[in-house]
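Two complexes are shown next, each including chain A; its partner changes from chain B in the first to chain C in the second.
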Partner chain A sequence: MKITIKWITMAILLILALILPLFANEFIISVFVQAYFWAFLALSWDVIGGYGGQFSLGHAAFVGIGAYTSTILLESYGISPWMGMWAAGILAGIAGAFIGITSLRLRGPFFALATIAFAELVRLLLLYFKNVTRGPLGMLITQTGPQNMIFEQQSYYYYLMLASMITGVIFLKWFENSKFGIGLVALREDEEAAESVGINVYKTKIIGATISAFLTGIGGTIYAQWLHYVRPDVLVKLDYSTQIAAIDIVGGASSPYGGVIGSLILVPLSLYLNSIFGGMIAGLSLILYGVVLLLVVVLLPSGIYEFLRRRISDIMAKKMEKGGGKTA
Partner chain B sequence: MAKLPSILKIKGITKKFGGLVALNKVSLEVRRHELLGLIGPNGSGKTTLFNVITGYYKPEEGRIYYKEQDITGLRPHKIVKMGVARTFQIPKPFGRLTVLENVMSAAMYGREATASKGKAKSLAMEWLKYVGLDKKADIEAKTLNIVERKLMELARALSTGPDLLLLDELVAGLNTSEMMNVVELVRRLVDEKGLTIIMVEHVMKAVMSISDRVFVLHRGEKLAEGKPEEIAKDPKVIEAYLGEPIKV
Partner chain C sequence: MFEFSAYVQILTSYTILGGVYGLTALGLSLIWGVMKAVNWAHGDTLMVGMYTAYWTVTLLGIDPYIAAIVAFLLLGLVGMGIHLIAIEPVIEKPGGHEATLLTTLGISVILESVALILWSPNPRSFQNVYKSTYLQFFGMRTSVAEAIAFTVSIVSIIAVDQLLKRVKFGKAIRAVSQNPIGARVVGINVPRIRLFTFGLGVALAGMAGALVATFYPNIRPLAGYIWDIASYVVVIFAGLGTIYGVIFAGIIIGITEGLGAIFLTNAYRHILVYIVFLLVLLLRPQGLFGKALRRV
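Let's look at the complex of A and B:
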């Protein structure tokens, strides 16, 4: 019974998501576009950050690498982002493997610091190689048309982001029960014990970082197409890296739904706070946003998804008891 | 007992931590299908020896041969895949995985490293039944009590498909009846499943009753080696460890 309720809920949510552009205005749609985008990034981060327990604060670097790869391919070589996104993913994946190989022997905060430094390095490289990236000015996407992943209406981006996010959820659903997923969680829980069952801890972490970066890179391409431009300081900033991690942790790390829930709450909230308080006192919206983050982390340390899941299963258990009592 | 060929040969192992010599030129041979008890006072180097054999520590001197192959300095996950499994003195469960997933991980990554989840699952269930934990298969490992954690870790080690199994204080903290059950189970692993086992144990009743042979470490060196009844009467062992002769 529980399973059917779950599927019905999912189906209803999916239908709502699919028909939303029919009655929402462009602004609302664009809020959802961003929410889905950040959800996809949070899900990608979850592979290494949540399941793998390796706290990356450099994922904006992979967004940047992905966005620049496809944009350079499009603008300089005329290659469609529908192809370019795969190159973007692969290049970001290579970067993920690189940071994994160099830094994954470090633990906890030291790994996090290394990822911050790595993202900074990527930003500086994007600024430095002016003849390819056009430096601090960034690049405008001048090509048009759906064949180049450029759409006239927000609703197309909406469906593109929605599809990406759902793909992310399905991927994590599969991933968390796969041999590799179980190995990654095992090493997160105890590295020595993981070795004792035959898991190559170092290699598994590197592959985890590669997968996570690959997905994030693809996200970067789609984001660039939505923005219509790329610029180092817009894409590769610590704010973005922390936002990706924060969304996943608030929603519920190491779960296929955490990133989605976190994003659907935090992204509209941050946009809303920004639109109300952004013009009043500088930084006020950020402070309020920070307070909300802090409250969630303190009150629901295992994330919103885990909290809801427990609540629902408690209610279900009680109902079952009641039902049982009546028939007896 | 007929002398069987050796499965493990440890030759002159020295392991130092800074100025402390944890193991000093220890040599030891373990025969196939043997249950070897490894005893000695706290800090005598028993766990260190386990860590050296399984690749967690690199020794400064000496070599380790498993089935005639030099395994000195190999990474732990490689040694597992060759058929040497271990448990830890303080259990290390994968807390947020279920008991079944804990044991399955060993089947999926261990010696056979089966990619098939169904196969891994049935193997894991088999060993969980063997240690009597099959009813707890679907709960999170962090909710297990200490006895269950030890049994789960045993099942997990067994699921890697070992020929040689190293048990580090498996029965410590168990009450007498639980202890005798586990001890019997360990003996059956040798007699029925054909494993070779080295067990570190402080509970003399447990070691002496099931070991084929006992090896005594003292301050990182070999103090004595022999049949349980000989060790129990050995004056050196009595002085260093046992305190008084014990009945076997």
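Let's look at the complex of A and C:
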């Protein structure tokens, strides 16, 4: 019974998500576009950050690499982002493997610090190689048309982002039960035990980082097409890296739904607060971001999704008990 | 010939800056060493230290080095506050060390936004006699402010090392860092030691910020960021469980940055720092002066 309720809820949510652009205005749609985008990034992060337990704070670098790869291919070589996004993912994946090789022997916070340095390096290199990236000015996307992933209406981006996010959820659903995913979780819990049952710890981590970066790179391409431009200081910043991680943690790491829930709560909240206070008091919306992060980590350490799931199953169990009492 | 002496001058300046990095990294290293917690708000407490110096000097007109003491004391209190809100509630839970990363991240965001609201994003600086007086030695010159910051950095590192080795409180800190359960068994109040250690670490960051403020022209809410990254790089570079290591690592990072400034121009000098840093990670993951990582 529980399973049918779950599927019915999911189906209703999906239908609501599909028909939303029919009655929402452009602004609301763009809020959802961003929420889905961040959800997709949070899900990508979850592969190495949640399941793998390797706390990356450099994922903005992969967004940047992805966005720049497809944009350079599009603007300088006329290759459509529909093709370019795969190149973007592969290049970001290579960068992910590189960061894995250099720093996955480090533990916990040290790994996080190394990823920050890596992201800084990527940002500086994007600024430095001016003749390819046009430096601090960035690149405008001048090509148009759906064949170049440029749409006139927000609703097209809405469906594109929604599809990406759902793909991310389905991927993680499959991933967490795959042999590789289980191995990654095993080594997060206990590296030596994982090694003793034949898991190659180092290799598994590197592949995990590569997958995570690959997905994030694809996200970067789609984001660039939505923004219509790329710029190092806009894409590769520590704020973005921390935001990706924070969304996933607040929603609930190591879960295909955590990133979605985190994003659907935090992104609209911060955009809303920005739209109210942004002009008057810069920074006020950020304070609430900080407070939410602090509260969730202290009070709900396993994230909002896990908290809701437990509450719902508690309520269900109580109902079952009551029902059982009546018939007896 | 002129070029050569200009290079020597650049490298001298960056060596001194590197020494100051040692000071900015000291508090971070202490906190990490004792409770395996990363203070993500480290750079932001440094920034608050800068503003403390700025306001005490401009409003009260007192000497910037008295302002540094004020910053040390004030940030010590702030640090203990942060500890009680963000560290102590999570540190002993499973996954607590990862959680401190996030809670202090929350604190970092809060401090930055409060600073933005209170003091606007515009960069500030204050005039003082130390910044505009120069020392000459062997044809190189440096401002008195930077020379003092460098000296204080070395003195502080020696002081912290001696504190850990000789003073009872320092020995208790080491006991907690090596074996928290054992420390509790012999009657050490572990939460209190953690509280004071965190307070001391943040106080050192505050003092570092105040000293940096005497010569740094960019006091602004996001100023912590660049010092933050420098401090993290220095701590990892130095390695775990070493206090003296931070000063050498700081100077090495400073010189690397100087070489970057010479070969890659000023704006891109950090590229060299990060490349060297990632290379060190690859070849010596335990850091330059750290003990080899024990496999857990």
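Criterion: the second predicted complex is superposed on the first by the 328 of 328 C-alpha atoms of A that agree within 3 Å, B and C clash if a C-alpha of one lies under 4 Å from a C-alpha of the other, contacts with A are read in each partner's own complex, and residues count from 1 in each chain.
Here is the rule we go by: contacts are C-beta pairs under 8 Å (C-beta built on N, C-alpha and C of every residue); 3 or more make two chains touch, one makes a residue touch a chain.
All figures in this text were calculated on a predicted structure; none of them were measured in a lab.
Asks: Identify the partner contact of A:Asp233: answer first if only chain B is touched, second if only chain C is, both if each is, neither if none is.
Replies: After superposing on A, A:Asp233 lies clear of both chain B and chain C.
Asks: Please determine whether it is chain B or chain C that touches the greater number of chain A residues.
Replies: C
Asks: Mind working out whether A:Ile199 is in touch with chain B, chain C, both or neither, as first, second, both or neither?
Replies: Once the two structures are laid over each other on A, A:Ile199 reaches chain B alone.
Asks: Between chain B (first) and chain C (second), which does A:Ile249 come into contact with in this model arrangement: first, second, both, or neither?
Replies: Only chain C; A:Ile249 stays clear of chain B.
Asks: Touching A:Lys179 in the superposition: chain B (first), chain C (second), both, neither?
Replies: first
Asks: Which of the two partners, first being chain B and second being chain C, lies in contact with A:Glu189: first, second, both, or neither?
Replies: A:Glu189 contacts chain B only, not chain C.
Asks: Between chain B (first) and chain C (second), which, if any, makes contact with A:Glu321: first, second, both or neither?
Replies: In the superposition, A:Glu321 contacts neither chain B nor chain C.
Asks: In the superposed arrangement, what residues of chain A touch both chain B and chain C?
Replies: 192
Asks: Which chain A residues qualify as touching chain B in the complex?
Replies: 177, 179, 182-183, 185-186, 189-190, 192-201, 254
Asks: Within their complex, state which residues of chain C touch chain A.
Replies: Checking each residue of chain C against chain A gives 32, 36-38, 85-86, 89-90, 93, 95, 97-99, 101-103, 105-110, 112-117, 121, 221, 225, 229, 232-233, 235-236, 264, 267-268, 270-271, 274-275, 277-278, 281-282, 285, 293, 295-296.
Asks: Okay, in this complex, where on chain B does chain A touch?
Replies: Residues of chain B touching chain A: 54-56, 75-77, 80-81, 85-86, 88, 92-97, 101-102, 104-106, 108-111, 113, 115, 117, 120, 156-157, 159-160.
Asks: Where on chain A is chain C touching in the complex?
Replies: 53, 55, 101-103, 105-110, 112-114, 116-118, 120-121, 124-125, 127-128, 191-192, 238, 242, 245-246, 249, 281-284, 286-287, 289-294, 297-298, 301
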